[in-house]
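There are structures below to look over.
One chain, subunit A, links the two complexes that follow: it is found with subunit B in the first and with subunit C in the second.
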Partner chain A sequence: MPNTFVKLATVTVGSGGASTIDLTSIPSGYTDLCLKLSTRTTRAATEDGAILTFNGVGAGYRENRFWADSSSVSAYTSTTIEAQYSNAASSAANNFASLEMYIANYASTTQYKSLNYASAYQNSTTPMYTVYLCGIWSNTAAINQITLDPVHGDFVQYSTATLYGIKKH
Partner chain B sequence: MANAIEVNCETGEVIERPLTAEEIAQRELDAAAYEARKAEEDAAAEAKAAAKASAESKLAALGLTAEEIAAL
Partner chain C sequence: MPAGTTYTTIESQTLASTASTVTFSSIPSTYTDLRLVCSFNSSAYAVGGLQFNGVTSGYSATLVYAPSSTRVTGQGKIPFQQGYGPITEASAFQICTVDIFSYKSTSVNKAVQWQTGNPTTTGYPGNEWGCGLFPSTAAITSVTIDSGGTNIFQSGSTFSLYGIAAA
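Let's look at the complex of A and B:
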């Protein structure tokens, strides 16, 4: 079990916002990656999505997603990886969505890249949503870049993204 | 539209730059695809809720109490 986390990069969005967050030149010396997000966007709605791409490549993705509110659970599949079901401008003030994603064997040049995440759309009033996703990028290239792109809005100030490399002892 | 933020994980260098025309076009495609997918998800959720309400109504007509239906 990998048990050493090394912070590779962290971003805190400033007052001007961010249309995308791009983590580049990811070093290959780790076994897996862990990405942690705390986001809210400028979209004039309660929620927004954020699309994840590796190495700037837009194809080869597949996800299966479970989505639950307080009374029901639904499942969906898609050919993109929705990196987060993010809070947006019309959601309760000061609420940011949270996410932790695990990307296995990211530096492999022989395996497709599998990932999973748990994410929460936060709401201090109601409702709240829990999202669990498994995904795959059917590409054998080592991952050296991760891009997060809100679907409609921009990431607002104080949104954060932190990437960790995980190394076995 | 805000700038893109690029962080180099090896050097720690942070660059803020405007989106390229290609990136803006891709964002518009992503937004359209997202809306289509979200509409499908919402429709599926509504259909599921309607089916659940219908099933509960039929069970109630058979004589089950609300507590018994909730326990299923």
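Let's look at the complex of A and C:
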């Protein structure tokens, strides 16, 4: 049976922390990508976020995201794509945010790159947030690099990013 | 768990010309759940959606397209109300990821979750998350993706159905 869902890379932040997470040299042999994150940052607050860029390019992004807590739903649009939320230093210890992102046709050289994700800010002492985002990168270059840069702090030890290739057969 | 044994391509279709609907039929009962991934360009706004086993009534759903949400019942399909465009840029494709749970069960009604949003590079993308119900205990053997109109799906659009098998 052919491999359809294949792990391409895992980055685990070490004891010194990391200012960014970079997934580089992404091969072009798959149809879509799935990115799974488990993150926490050093920001002196309960939550943080991380700006997503492809191939080191900082332009051409559009997003629409909404998030919900125990009592309300809010929406936001931006010309960046933010992985929202990450847990941060003031959230309960050992809680890391989770996020699963789907990136379609990442290797195409004729299509812009569309993505969506669902994520959750985890906290064992206050209500959690759930976040849903749809975004687009209006660039026809094949994606060969994914970078996550925290908005405020640095990623702490045990933050992880795992990238999977999905190949239709 | 070895990769590839739990996530398998059942069928993938790429449109060579425009289409109103796309159907996956004769879905095997080999798996636990299904994942449908649609990547499409569309020519007009429409309420698209899913139908199972050719059934055209009785679907219900709750949709969130923040800051609004809605609940609908008695639908002819699981509705994707965020719409299918029109997508005016040939390079922009909308993705719709759909999870269909316990599709082969003959004991439970069939639950669906999805996320989609029509892309634009001049304004901002749409964004919709929804959960739906197909109130039938019949095993799902076919899935139809309805564009909501005539020949709305454009050539080059792809639709892939994956089977996910529990270990």
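Operating definition for what follows: the second predicted complex is superposed on the first by the 166 of 169 C-alpha atoms of A that agree within 3 Å, B and C clash if a C-alpha of one lies under 4 Å from a C-alpha of the other, contacts with A are read in each partner's own complex, and residues count from 1 in each chain.
In this section, a contact is a pair of C-beta atoms (placed from the backbone, for glycine too) under 8 Å apart; a residue touches a chain by one contact, two chains touch by 3 or more.
From a predicted model like this one, the values you see are computed outputs, not experimental measurements.
Asks: Based on the superposed arrangement, let me know which partner A:Ala92 touches: subunit B (first), subunit C (second), both, or neither?
Replies: It touches nothing on subunit B or subunit C.
Asks: Which holds for A:Ala44: it touches subunit B only (first), subunit C only (second), both, or neither?
Replies: neither
Asks: Which partner does A:Val13 contact after superposing on A: first (subunit B), second (subunit C), both, neither?
Replies: The first partner, subunit B, only.
Asks: Looking at the overlay, does A:Ala104 come into contact with subunit B only (first), subunit C only (second), both, or neither?
Replies: Once the two structures are laid over each other on A, A:Ala104 reaches subunit C alone.
Asks: Which of the two partners, first being subunit B and second being subunit C, lies in contact with A:Ala59: first, second, both, or neither?
Replies: Touch partners of A:Ala59: none, neither subunit B nor subunit C.
Asks: First (subunit B), second (subunit C), both or neither: which does A:Ser74 touch?
Replies: Both: A:Ser74 reaches subunit B and subunit C.
Asks: Of subunit B and subunit C, which one touches more of subunit A's residues?
Replies: More residues of subunit A are touched by C.
Asks: Going by the contact definition given at the top, which residues of subunit A touch subunit B in one complex and subunit C in the other?
Replies: Comparing the two interfaces on subunit A, one with subunit B and one with subunit C, the shared residues are 67, 74, 78.
Asks: Residues of subunit A touching subunit C in their complex?
Replies: Answer in residue numbers: 1-7, 31-32, 60, 62-68, 73-75, 77-78, 102, 104-105, 110-112, 114-116, 118, 132-136, 138, 140, 166-169.
Asks: Residue numbers of subunit A touching subunit B in their complex, please.
Replies: Interface residues on subunit A, with respect to subunit B: 8-11, 13, 16-27, 49, 51, 58, 67, 72, 74, 76, 78, 80, 82, 149, 151-152, 154-155, 163.
Asks: Spell out the part of subunit C that touches subunit A in their complex, as residue ranges.
Replies: 3-9, 12, 37, 39, 64-67, 69, 89, 91-95, 97, 115-117, 119-121, 123-129, 158, 160, 162
Asks: Under the stated contact criterion, what part of subunit B meets subunit A in this complex?
Replies: Answer in residue numbers: 1-12, 14, 16, 19, 23, 26-27, 30-31, 33-34, 37-38, 40-41, 44-45, 48-49.
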